[in-house]
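Here is the structure we will look at, set down as structure tokens.
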């Protein structure tokens, strides 16, 4: 599976680190805005050894219009950790060639979202603001538990480093998923906590806690890889991480 | 839903407490070995007020052969928290009348298990050593997560009061469910901890923790009630808690 | 150590249960408002077996004025889990005889507090709204950690059963102890959680969590016993649990 | 406070990162074995901006014998994160000049330990295998709680990344501190967990959990800084982190 990556900020580098070390993916190139680092490879830049030759050529976006890029350096999947407007520059050329698109941009303006949906008629597109497997699993599991035990009290605690000003977007999404009032989210801000989400289900005589702890942003890389792999088998269409995880919740298949 | 309860030890009383306070069930009687307390009602004995008349007549087993019991005091469901041999005394009469059976006995000898399966041709039978909703949900959720992310390291920690000698049976079942070696279960024994089970999924850059905390044994009551309610809709057959929870994991129904 | 107990509500009964089972204390009597249960013993009422004779005679308060009570049934320590006004009825007679007083009343009106301070000129008086060892240890440990690392962010989470309306008084006291704004306490209300307090210290690259979990209200009994024992060695005066725990924090004694 | 650092491996770099960003310390130089990177500064290498000029000159050890180093680039404190034999090369020259030594080497051979004790006659020497404030606080707090409540059951759980083979050295030290059998430590190995230590105190009716979570190895830097600062006020002698934390446990000073 040949992958091209848009974005080489903190998240982008973390994703590249994971892709470079995976047996299941080959990182062909990284597109970034800056002209710095061009003619270098990601593997050399990040200090990750590989068998032969530099993996992940670093290209400045303005010298590589998408048609030229996709023709000279073809890929199977695009992973986008850049910014909301980038897709507008490459979307059509990618869709035309049937290149799958995995994008982890937090918020798209409505018209860009429509544009992505349009693209999904020609290729498969996955769009997820939090692309980690852990958080998406947690949300689905919580949704199920609430259906099983609707009488339980559900509380959400999120913990992050002290400089994070706003309430965690992930916690808000969990809250919406469970139809809880967002105002009830408990936000702890302390020191250097990377990210921790806890969903508490209070039963009369027992308590269930579903907890997700982030260790490093490289978790996005594993999520992107999972998404890319699963997207290749899918028909053209617009997907979320939830859609990809759903088949695993069909237990009938692996229960006796 | 009319319920009859076998067993009035510590677990049985806790279950009775929950049934008495539920709007969805009416506890008709409790059968116990001892002749003590007969002619009293469970509601009076446990000090739980109710609208009129004592709910839950206390009968000694030897004065109430099952045919007489079921004819004079008919019920829809039997809940059994007594001991492994009791079902042999009432099973046939119950099955013949189509009374559902919910049994939470920890271990049945193989021949009694066969007997239960035979009964399930005529009525619906649910058999679960740990009948709490929480633990059964936890096991299913863990099974799914392991299918999604088979490369994670899974560890189980169980905590109980200091006098609990053996490894938690629930932890062993979780371990078997996940195909882990039981020898790896970490058992903490400290003070008066009622019961706590934690399943840790270690991803490279994130950690998921699924935790169940027992507060009181009344949790068995809510589980028995859940089982009884769901069994009434089911065809004759032999069920586990897992079977009853399964439909909730079919997410397609409640995802948009 | 002979103990007399005022109050036989839920907390009082839990305390009596612990005192009856302790080798270090002998529960002489329990004073309650109601006339019910008189002529019975606490040990028999609570079903706790003992060597010989009923321990803990149950007396109605109006038939036992304190002078008569202390003369006919002398004790070394009074433990008071009744209500704020009770001490006014027995304080002087107790102080006169040098009987130590351990009171766990949540809030005293200022004039009763003054009255207790006056009594403490003649005997030793301990006054603590949360008399568990655990919570008091937690508060002292947190105070120390804040002095060591004043730059850390400190957050308090308290969890209780869903019907608890107000913010936990214990959490408020922890907050005041650490000079934090009480408005920042995160209160989780879910199901049947007995009581859980967590103090989080966020360092830039590490996190410390100090957690107290209540299992049952019998914890008050162990705290009262600890207080009673330590008070006997003390000079007349007014004490808090903090004062009794302090000597243990003088580490010089047990470090090499 | 001028600091010189020995060692520029993973821990050394993390410590340098913290020292460079602190207002309380000035990192004069770093000594490393390799000749790579010489003539560069640590601040430039780590990408940490500073007011003017590179902070932290990088010197190869063989070109800088300690006498020359200390004369041409004098410091107040040495922080040593290199290996057990390094101190032998600079110890005498440092002690002679009264330069304080903070060393975080895990294990010293007995003769090197004797050598350090000898040096401490002429200067102050701090030696601690785990130099984080958090872990050292945790150990002291646990020691106190065990003295207060010797009847509690104490259990230790440590969690680390899956490739960590041996039992955590920190957990072993906690265990020894509390006079517990090391064989009882529960070791969880899962994914990428950086490091987590939990000490559980089981009371009959309550549980206390003292938890330390490592986020990044930069925590060593804050510990080294704390040690360096406190050492400057101290008389010549041999110290541990425990010794430096002790005064904070003398609560009498800040309780009313």
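Letters A, B, C and D name the chains as they come in the text, with residue numbers starting at 1 for each one.
Assume a residue touches a chain if its C-beta (ideal position, glycine included) is under 8 Å from a C-beta of that chain, and two chains touch if they have at least 3 such contacts.
Predicted, not measured: the structure shown is a model, and the values here were computed from it.
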Chain whose Cα centroid lies at the greatest distance from that of chain C: A
Centre-to-centre distance between chain D and chain C (centres being mean Cα positions), rounded to whole Å: 40
Centre distance in Å when chain A and chain D are each reduced to the mean of their C-alpha atoms: 37
Contacts with 2+ other chains: residues of chain C: 191-193, 201, 203-207, 215-216
Touch-based graph of the chains, sorted into line, ring, star, complete or other: complete
Interface residues, chain D side, partner chain A - complex: 191-194, 215-216
Footprint of chain A on chain C - complex, ascending: 152-155, 157, 159, 161-162, 186, 188-193, 200-207
Residues on chain D engaged by chain C in the complex (per definition of touch): 18, 132-134, 137-138, 140-141, 143-145, 147-149, 201, 203-219, 221-222, 242, 245-246, 248-252, 254-255
